[in-house]
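First subunit A sits with subunit B, and in the next complex the same chain sits with subunit C.
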Partner chain A sequence: MSEHQPATINDSDIRVPDGHAWNKLPAILGGVGLIGLAASFVLRGEHPEQFSFSYLVAFLYFLSIALGGLFFILINFASKAGWSISVRRVAENVMATLPLFVLLAVPLFLGFEHLYHHWLHASVEDVVVQGKKAWLNKSFFSVRTMVYVVIWALLGLFYYSRSVKQDQSGEPKLTEAMQNMSYPGIAIFAITTSFAAFDWIMSMDPHWYSTIYGVYFFAGCLIGIFATMILLTLLAKQSGLLKQAVNLEHFHDLGKLLFAFTVFWAYIAFSQFMLYWYGNIPEETAFFAKRWYVVHHEGTALINTFQTSSWATISVILGVGHFVVPFFFLMPRTIKRKPAFLAFGAIWMLAMHLVDIYWLVMPENPHMHGFHLTLLDLTTWVGVGGLFLGAFFWVARRQALVPLKDPRLPESLRFENF
Partner chain B sequence: MANKLYGALAEFETPHAIFEACKKVRDAGFKYWDSHTPFPVHGLDGAMGMKRSKLPFIVLVMALTGAIGGFGLQTWTSVVDYPWVVSGKPYFSWPAFIPVTFELGVLFGALGAVFGMLGLNKLPQLYHSLFRSKRFERFSDDKFFISIEERDPKFDKAKTVAFLEEIGSTNVELIDE
Partner chain C sequence: MVQSVEQIERVDRRVPLVLGGKSFHEVTEAIAAPIEGRTPKLWWIIFSAAVTLLGILVASTGYLFYEGTGIWGLNNPAGWGWAIVNFVFWVGIGHAGTLISAILFLFRQKWRTSINRFAEAMTLFAVACALLFPTIHVGRVWLLYYVFPIPNQMQMWPQFRSPLLWDVFAVTIYGTVSLLFWYVGLIPDLATMRDRAKSALGRMLYGFFSLGWRGSNRHWQHYEVAYLILAGLATPLVLSVHSIVSFDFATSVIPGWHTTIFPPYFVAGAIFSGFGMVLTLMIIARWAFKLEHIMTMRHLENMAKITLLTGTMVGYAYGIEFFIAWYSGNQFEQFTFISRMFGPYSWAYWTMVSCNVFIPQLLWFRKIRTNVKVLFVISIFVNIGMWFERFVIVATSLTRDFLPSSWAYYSPTIWDVAALVGSFGLFFTLFLLFLRFLPMIAVAEIKGVLPQANPHHGHTPHAEESHAGATPAPAEAKE
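Entry: the complex of A and B
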């Protein structure tokens, strides 16, 4: 009953044609990425510790976006969603970069001594960390690190290969298979992402723990994927692709999801903060103390000087920029239906997501006194980001940009918001 | 007392018929008219040329009122009116006020949504002239209706009935107020 029934989709709308600018992107972006990584390794010679922390930030930032893509696919099949089919392949292409992160996880091992020295070299008197030895030891930790990335890569390939296969055969059984896998898939995703966040980020301070930490990281993953999907889809439209398949209604919904998850992020972040603030027990408030005050270590103890550090500024920017500003900016319907405004919102959230990951990781570096950016922050970010985006465009141009024969595609093309 | 005319009621057989008819009524420039269907017909609001509802704005104002009121009440009671040290924290312990602020924002927003919706729809209404029509009962079963009110400046008894028949109505009747 729509006012504007969509025309059938032309091949030129959904396939990157020969000679199109997108064909050059994999090589350019991949090249930039490799240069970034090479520069990082050169700089590592003098600043090995800074490299470890900067690389972890860059790795987690782009991994979180790819993981958001995986979750978006899982939740779409679990809920048998119809609206999202015409933008699903964009998320699938992001998800299809997950195997790359198996390789990108390897340099993490170079940073073990810096990132996790608290528990790698815990003193005998440190009974808290000694009690966690069964979980926090180098060999088990290394195995877990690889298990996480391999599981995500396999899940990603499971979905990508079947979705692409359906482009040829149109077999509805493939949809069923992907649906059936999504229910255990979500459980596997939830457990692995939570534990990855516990291991890679939270264990940098093995004395401190937060049960909601995994959910916090997950909230960031979804901010990342929705903002990325909005930008990449808009970019495709700007480059003359997806003009028929994707319309304002899809952007409106992606905007709604981006808005919803900024609220979700704030809810989770505040839930974590308020309980520790209320309880006011030094070992629990340590996480926030490091991000507000000047602190230093004496043996196993963390000494708080109660002098405000430069991290307090970052904490305020995070709270205001990751929640208050986008909450009011993304709320009106008009904003979500104006591509330029929505693109601004998406870029803003991607920037804030980077602040978030940086804020999680960097204050754990005991030798970094206060907030200051380094060249390695830039080179690692460009390195991982270049490879990630290069991989995205490399995957994107190999197949149609829309799951052509998905049984629910017509539903998505007709989709309208009330 | 002579009965005053309420308007014309036109019956349609299919969602497609009423969808197309609505577009024509819209384009004819009528203002006081409505459509009645047994289930939501997708895109009908567009076909009717309806403007965006004011409801989101009401909800926003209400939610902000609730949130600001909740935060303000807690601040006033614990900082100004009856300062009291709780667990050694400052009087103005804003993190402790957030849950109540959030809940009151949600509560007021929800109340604004429900009562705003009722208000904008002029509900509850105990009586409506259209209920005079026996055929109209089937609007909640298998028929689709368009009603055009007499107070519409474009309304003309004979012309409007003819117009409704012309745009595909299977039965047009005039309803008294």
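Entry: the complex of A and C
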């Protein structure tokens, strides 16, 4: 990783050669994923409820990373960025897993009764939830779910296919086409991710609402993609790939973005928490009460015992681990320019992102009293994660690891932080 | 205006930021001309108008101090009126300056160098106007120091849990950092003005404020470090300021105010309104002072794009608020939003939506973005729309509270109007003085993005020149 890189790159640097260990990864990871999913389905027999919640966590976790990849691509084309071209393909490969999530969304329907029973079987007296029938009903909800994942898959394929096509032709018109799509693409992305977050996560408690919820989920997506990009790019370098194309400068910038969005996440999370804490209206504080106190349902009411539950520990870990620690750790320039430290920061943030998703979903499980991990948490995570990573490596070895004929690639190769 | 060929963006190369192939000296001359030349007639005309409006501000504020806030249109339940609307409006305007100077700097958007000085000056004067309103609205201005936590023998402290106190901290810190940021950037240019000054007074004043700048390597190193640190500090600050302003509303339990999206929504709206104002001012200034080759069409187009982006983000927030108001099942929340659209203030609501969401959608079209006249008109709409946004938020929620028997209609008096119009007088007076006495474009920074600033300028091998995207680094224009 010298400071000055040549403006040209060799083929061996950007293509997975025959016999390289990466060639085996799709089969291995995909196999592990399938075993994980199979084990989850076996366990589902006895614990259908736990399966539903665990699967939702795993699904959202890896989907959020893939969505982050889509957004990174959109914003790079919209801003006509030059620095990022040599790491862009890594994000594109993550984004290219989005069609997989159309399939992975199907098991969500198996858990429908458990995840959304609060509004599926709302009592007649529950006028608040009855008033939402037009939005929260099984058929419309299912249609929306499929619309979200299909739109993301199509956007992902739009970008992936054009970027790969440019590898052959080097046609600048393809860049223009991708630029032009990015502006409406960002709008579509914003609306679909917001409503997906409202539907899949927020509606588990149909009494609760927060206008910032979509932005909160979006912030998590970006944490996920920047940490993932750092790790996968470092892995490529460790495996003898991208030695010329990617250098410290790119890692430095990815580290800055990871740091910036750690702060952004904290800003959004704090806004939501502080305003509801300050307003102190029971129907709004319910969300945080569930994640701090022992609560139970009585009819439509949520009864707070004001006894601290084990969720409080997770809430503290989230606040400290997702913001305070990485804020100080990722701030110095030295950290972002030392691959080992940066990798540690990225792994930390990926772990915290998992805590975040888990913290959003699990306390809504009415049969779970306090925090405790189950085998299904592990098997669903390994299942979805194995397929996700298997798909990533399957895509990665089919094409060059860098968009090698992008008109702005030379700019990325010679870019330096001052 | 006809757009020149070199301005049209291309995928395979970055276009120059400054047009006309000017030399360093020509750039200095062009930027120093408005300061060193004779005062233009137009400047005097606008300046007299601005000072007249300032006079209105002074007179109406004098009467306000004498008579009290009863001269305003406040009533029960509308205890907050134009004072808070104007405060939020002016603070918001300032945000574009900090976005351009700090956030775009961190994102290495080199096109900002043509417009940052101008926009930062606007920030400072907007913050000055903003601070005016909380100051004069307290009734007993002579007790204003109560807002600061000053130790005293009465053991009286401000309420630290009040977002109004957070505002005091947020806005004063923001004003201070913005001033420092602006001033640090000005130092090399003040030295340029000192070296060019013909009068003794000019030499003395520019000399004093340029802090002995000699342009040595050491000076530049310190300068760059200071500038980067200030940019890093100003970036979270700009988000915090309008977030805290939004807390003024959102921490209450008033329907239409108490909603979690308020902080980022207010920040987006603030930047949107600020870009409206920068566009308005810059379109006039670049024409009046013949600086079209430095503040190019591309700068205007880029600003139009950010206006479109932030305007659409505001539209997203309106939409989400409206959806969640319905989704919440909270009848008070639902009533507030229906009443905004169809109630007594529907005229203000539809003005706001038209100006902030519908009209900026025209900026999707390049033909519109590159048409200076149309852009100017749109920027005026943005200014109007964002003032109305704050008015709608304040007036609709306050006048239709939980108790129908206390509902009322709020309308301003002549003194409310005088304060708002007068604040524009203050703003324009300060701004015109800035245009006349300080370089409105960062001379030193603009030279850094000229092609000849690149050490390889003129020595570029032919092979590299033809290579796609291989424009040498300092001349690059990030879009």
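What to note about this one:
We adopt the following convention: the second predicted complex is superposed on the first by the 413 of 418 C-alpha atoms of A that agree within 3 Å, B and C clash if a C-alpha of one lies under 4 Å from a C-alpha of the other, contacts with A are read in each partner's own complex, and residues count from 1 in each chain.
We take it that a residue touches a chain if its C-beta (ideal position, glycine included) is under 8 Å from a C-beta of that chain, and two chains touch if they have at least 3 such contacts.
No experiment lies behind these values; they were computed from the predicted model shown.
Touched residues of subunit A, counted separately for subunit B and subunit C, are more numerous for C. Of the two partner chains placed around the shared chain by superposition, subunit C is the only one that A:215 touches, whereas subunit B remains out of contact.
In the superposition on chain A, A:306 makes contact with neither subunit B nor subunit C. In the superposition on chain A, A:409 makes contact with subunit C only, while subunit B stays out of contact range. Shared-chain residue A:333: touches subunit B; no touch with subunit C. Once both structures are placed on chain A, subunit A residues 274, 278, 416, 418 are touched by subunit B and, in the other complex, by subunit C.
Remark: subunit C residues 9-14, 107-108, 224, 236, 239, 243, 247, 250-253, 258-264, 312, 316-317, 320-321, 324, 327-330, 364, 467-471, 473, 476, 478-479 touch subunit A in the complex.
For subunit B in complex with subunit A, the touching residues are 15-16, 19, 41-47, 52, 56, 60, 87-89, 95-96, 98-99. Listing the residues of subunit A that touch subunit B in their complex gives 1-3, 270, 273-274, 277-278, 280, 331, 333, 416, 418.
Those residues of subunit A lying in contact with subunit C across their complex are 7, 79-83, 127-129, 131-132, 135, 172, 175-176, 179, 183, 187, 190-191, 194, 198, 207, 209-215, 263, 267-268, 271-272, 274-276, 278-279, 281, 283, 407-411, 414-416, 418.
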